[in-house]
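Next come two complexes built around subunit A: one with subunit B, the other with subunit C.
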Partner chain A sequence: MKLSKIALRNINRNKRRSLLSGSAIAVAAASIIFLFALLDGMETDLADNIQTFYTGTIRIIHSDFEKNKKINPMHLTVKDPDKIIEITKRINPDIQVSERISFPARIYIGSRYFNAMGMGVRFPDEIGFQKIEDVIVEGRFPETGREVLLGARLADKMGVKTGDKITALSATAGRGSNAMTFTVTGLAVFPLLEFTNSVFMIPLETGQDFLKMKTDVKELLLKYKASSDQDAAALIDRLRNETEKNGIKNIDISYWKDINDTYSMIAMAEKMYMIMAFFFLLLGCSVIINTTMMVIYERTKEIGMMKALGMKNSDVVKLFFLESFYIGIAASAAGVIFGVIISQILHHTGINFQNMMEDMDFEMSTVLYPVVTLTSVVTIFLYSVIIASISTFIPTLRATGINTVDALKHN
Partner chain B sequence: MADNSFLKSIIIILLISVSASLYAETAEDIIKIMDEKQTFETLESTGSIISRDRFGTKQSDFTSISRGKSEFLIEFTSLEERGQKILRTPDELYLFYPDSEEIIRLQGAALRQSMLGSDISYEDMTEGTDTLSRYDVKLNGDEDVEGAGCYVIEMTAKKKNVPYPRQVVWVDKNIYIPRKTDYYSRSGKLLKTMELKDYKKDGEKIILTSMIISDKLKKNSTTELNISSYRINPPVHPATFTLEELTW
Partner chain C sequence: MIFLIKLSLKNLARYRKRTAITSLSIAVGLAFYIFLDSMIIGSVYDSEKNLFMYETGHGVIQTEEYWKEKDLLPLEYSIKNSSEITAILDKLGVPYAERTNFSADMIVYKDPYPEDGNLPVKVTAIDYKNDSNVFGIGETLEKGRFPQNEEEGIVIGAWLAEDIGADIGYPVTLVTRTKSGYYQVIDLEITGIINTTNPVVNREALLIPRGIAEIYLEMEGSITDINLKFNGSRNNSKIISLLRKELSGTGCSFHTWQEMVPDFVIASEGDMKGSGVMLIIIFIIVAVGISNTMLMAIFERVHEIGMMRALGMKDLSVKWLFRIEAAGIGLLGSSAGVLLGVFINIPLIIYGIDYSKMMREGNYGYRMIGIMRGMWHAEAFITAFFAGILLSFLVSFIPTRRALKKDIPSCIRD
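Coming up: the complex of A and B.
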């Protein structure tokens, strides 16, 4: 009789025990699939948010801004943005460009004041760049002049509604200060809680007038689907050369992964989670080790008999290995399928982390959508099967050490 | 006879000087005289604030009107800030910006914010001359500042709502003006320094016409405050220091 047949027969001999061993692996595999789907979802979400709201895929700012950013150097602006946009579009017409002026401000309403983050943007450009029309929950986005779109929670905090007026005070590019009154035309709920809590958006030209910036902007964000980091680096090199050739000075062109630390932290966390997954599976395998040890104890007489009939120690090991291997395959497959189903359901419904993120300034959306990738499915399936199979070696070694005569006497 | 009258004059001057110096022996008296010399029924002046730091130099011009110890109105006239006004009343400080429909009342920590990016805060610029109502003062001996004999007076805030919990001021023994002031935090950290560069005497009154203020929390940053012209006791409309007038 072939060993594989004996292994399958043995699995069926005690279905409950086989189910118990398998379920531990299945639960571990399903949990890891979900954990990795959540991490992948988090990574995708972070990458998208950082590029949409903070840095673009490529960011152009004044070359001295970064080293002085602690003192809010509003005067360190990007000059002649139209020329830079023209150069960018010449290199790749599909690149989306967002001209922005972000500035810390204080909003005054009567004798009360609120800290906020202002943002001057070209609203028509932001339709493509950050899908601004999707975040508006009341009213409309500002069209021109002294109109403002408020983060809904900021508006709520200030007791302001559409049609009301607010006055913002900020430092200017002339290194002075200015205050301007705006009419609220709409309220927005951004994917980022930080934005909904503190951001107000005004038309770019109004921002330039308010902050005495003439036609300058604080930053130019370029967004496009870079096929790889090398592809982005090549584009940045080309942009640097072309802008320099055209006499544009004092600008810094950077790739988003070099600017923002959060994404690299998540990427690093992913490696940590791989190690955690390994231990998680080992924990699941402890059930297999345990049940295999019980099986070996129960089947000591049977092992003795097989050995008396001429079965080698290596065949005994193979037999138990095959039993675990089959259980591992079935359980891992079931666990992975279950994990994928759960993750896919949550991918459509989303998981709301708003309450958890209430006091956090984090570039992650309040609602996360787990993303299942083929790589993680295949990796976790193989990972589970291999660990489940290998884990039987420890108790099986005990079986090989059993004396045939003693085993036959065992009750 | 002529020699006698000359001698008499010398003696009278000496007696007045001695009695004046005897009179000004306590720190309270010194500060009171210093404040009185800088307090005007009304004063109109024009001047400029020149800020220098690692980013370059910036000049903002202004005109100001003050009445008594604690009413000031400053209007900026340079292109960048034209029309912006600061009004100080005995109890409040207001900002008016031409682009704003609302008058901003500054309070608390906002009073300590830098004015136009300079080393001077809104509170510094409009600080009144009623020092003794806000500070306990103590005479800590005397020192020379650039050749001028000075009283060294330590001032400790009576209330928490003052911008600087502790100040050390060097008051000129002869003309009772602050030659130098160091401003400290509650923990004893040096926050700012002020050095007087020039002044003008007008009868008993003294106008500080040039001083350098340095914010010690900023790197390589100084601000020069210059008064280019002034008029003592000009007629001032009674509504000048009101919110209604501010928006005009």
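Coming up: the complex of A and C.
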């Protein structure tokens, strides 16, 4: 009789034992799937927020801005942004472009003033770029002139509502000071708490007028789905060549992962994730090994019986390996499916971390959505099956090493 | 009972491998919990030390109006009767430091700075001698000196200096408003750079002499904060309640350090909750392992159970036999877990995990500048130890009930 048939029969014969050993594998697999989904969700969210709100996939700024960014050198602007956009679109018409001017400002309400972060943007472009329509919770986005969209918590702090007027003061590109009064047309809740707490958005032209920037912008953010880091590097090289050919000087074109403080943060967070993932894999491993090994130790007598009936040692090892392999496949599949279902439900409902993120400079959304990736599903499935199957070797080899009479006597 | 314990121990010894394997999974789970807890507690301990030393002291006295709007640093609500308050503190024997915080726009110009620019800042006016009653800023000077009381000098944090390209002797212009609300420009020269172990201070600190604030902000002898340091315990409840009583009617109130730094409290509490969730997940995984072991032990020994019952052992005693056996596995697992926890905690305490790059870039609530180090936390070891035993004991309840479902003859026949 084929060993695989005997293995299947053994599994069937002692359903309870098979179920027990399977359940350990399934629980371990489901827990790890969920944990990985949470970690992947965090990473995707971080990467998405950084690209949407801070750097784009590729960022173009004045070449001296980055090293002086802490002192907000408003005069270090990107000149002739239209020309750069034209070049970009010529290279790849699908690239989304966001022209932005972000600047620190103070908003005056009576005798009080509030520190805030102003942002001049082209609202129609931001519909595609940061899905601005989805974040507006009241009113509408500014269309022209002196209209402003406020972060909802900033508005709340200032006691301002839609229709009210606010006055903002900021340093201009010419190193002077300028104040401008805006009418609040809408309130927004951004995925990032920092934005909801401190950002006000005005039309780009109004920002240029306010900060005396003529037609310049502070930065151009380009967003597109880079198939790989090399693909992005190639695009950046082309952009650099083309802009240089067209006489555009003093600009820095960078890939988001190469911008100092953003990607290093993800790398740091990943370090933490890896430690946690490692422990969970280890824990899952110990439970799977524990159950599998125990099942076999309990069956030393059976091994003795098989050997007495003439079965070769290698066949006994194979038989137990196959049993565990089949249970491993079924249990891992069940565990992975269960883990995926839980993660998918939470992917739709989200997990709210707002309370934990108050006042933190963390580019993570307040609501996190676990993401199940094919890689983690396949990896964890294989991991569970392999661990369950391999862990049969030690006890089986030992059991087959005992002489038949002793094995038969084993309790 | 002694008989049952003896029998359980005999059984554990008889099935040595099974006992060892199950204990191992409990041990790994508990060691992970100890590791996580050590990291969080270590970070919280370091952060608290750095908060007390450089940022908050053990608490602050402010006027009630000021506290309500403290984020806006409203000078008009400063403490006018500070001598009345300090007399109370002297009477109670509580060391204090008087400070004035105000917001300003800091303007720097190209040459000597690398670029023109400005940034919104929070400035703290201190009396350097009085400040050392509570804070440890005095010992953190990396370069230069502290200015005299009415000297137009400023001391800045080391990271801030690095970020804006500042050095000793560089000029700084602060644009602010006086206590009465008029615009004021203060030109100062950097006389010193401090480097503390608190990232917020390193990134943001701008310290000027109290005498300068008095003149330029027209403070008329008032201050915004009186920071306190309690002898002995940081949350000295006896002194706090006495202080609160004495302060009633003065228009001022006392606030603990926790109320002053909600970002830190939220971050640390969030992480504690997170580790709690981790512990639950760990326990679920471990519980499956233990219950499997117990079920297996019971099913393999149905015959034995039948025999014991036939010889007159009560059902309750059989149940307790397995429960004690499970608790024994728990005890072994917990002991191994605690031991493993000690071993993985040692490198975490000696070397730690390097988060300096992350801490340099942004505020994550914690006040430590780089290496996240673990800490010996007896409570976690004790919790892990007893939780392991209790979990094992409780998990055994379900399988033992199943063991007694069958009648005696069919048990023996099994």
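Here, the second predicted complex is superposed on the first by the 356 of 411 C-alpha atoms of A that agree within 3 Å, B and C clash if a C-alpha of one lies under 4 Å from a C-alpha of the other, contacts with A are read in each partner's own complex, and residues count from 1 in each chain.
Following the convention adopted for this analysis, contacts are C-beta pairs under 8 Å (C-beta built on N, C-alpha and C of every residue); 3 or more make two chains touch, one makes a residue touch a chain.
Keep in mind it's a predicted model, so treat the numbers as computed, not measured.
With the two complexes superposed on chain A, say which partner A:Lys212 touches: subunit B (first), subunit C (second), both, or neither.
first
Return first, second, both or neither, reflecting whether A:Pro73 touches subunit B, subunit C, both chains, or no partner chain.
In the superposition, A:Pro73 contacts both subunit B and subunit C.
Does the superposition put A:Ala171 against subunit B (first), subunit C (second), both, or neither?
both
According to the stated criteria, A:Leu282 is in contact with first (subunit B), second (subunit C), both, or neither; which is it?
Touch partner of A:Leu282: subunit C, not subunit B.
Count the residues of subunit A touched by subunit B and by subunit C, then name the partner with the higher count.
Here the partner covering more residues of subunit A is C.
Answer with first, second, both or neither: which of subunit B and subunit C does A:Phe381 touch in the superposed model?
It touches nothing on subunit B or subunit C.
In the superposed arrangement, which partner chain does A:Thr181 touch: subunit B (first), subunit C (second), both, or neither?
first
Let me test your reading of the model: by the given contact rule, A:Ser111 touches which partner, first (subunit B), second (subunit C), both or neither?
After superposition on chain A, A:Ser111 lies in contact with both partners, subunit B and subunit C.
Pick out the shared contact residues on subunit A: the ones touching subunit B in one complex and subunit C in the other.
73, 75, 106, 111, 113, 171, 175
Using the touch definition from the top, list the residues of subunit A that touch subunit B in their complex.
Residues in contact with subunit B: 73, 75, 106, 108, 111, 113, 165, 167, 169, 171-172, 174-181, 209-210, 212.
Note which residues of subunit C are touching subunit A in the complex, please.
Contacts found on subunit C: 14, 17-18, 21-22, 24-25, 28-29, 32, 35, 69, 71-72, 74, 103, 105, 107-108, 113-120, 160, 163-165, 181, 262-263, 266-267, 270, 273, 278, 281-282, 284-286, 288-289, 292-293, 295-296, 299-300, 353, 355, 357-358, 361-365.
Help me check something: in the complex, which residues belonging to subunit B touch subunit A?
Residues 51, 55, 58, 60, 80-81, 84, 95, 97, 99-102, 104-105, 107, 110, 115-117 of subunit B touch subunit A in their complex.
Spell out the part of subunit A that touches subunit C in their complex, as residue ranges.
16-17, 20-21, 23-24, 27-28, 31, 35, 64, 67-68, 70-76, 104, 106, 111-115, 157, 171, 175, 260-261, 264-265, 268-269, 271-272, 275-276, 279-280, 282-284, 286-287, 289-291, 293-295, 297-298, 353, 355-362, 411
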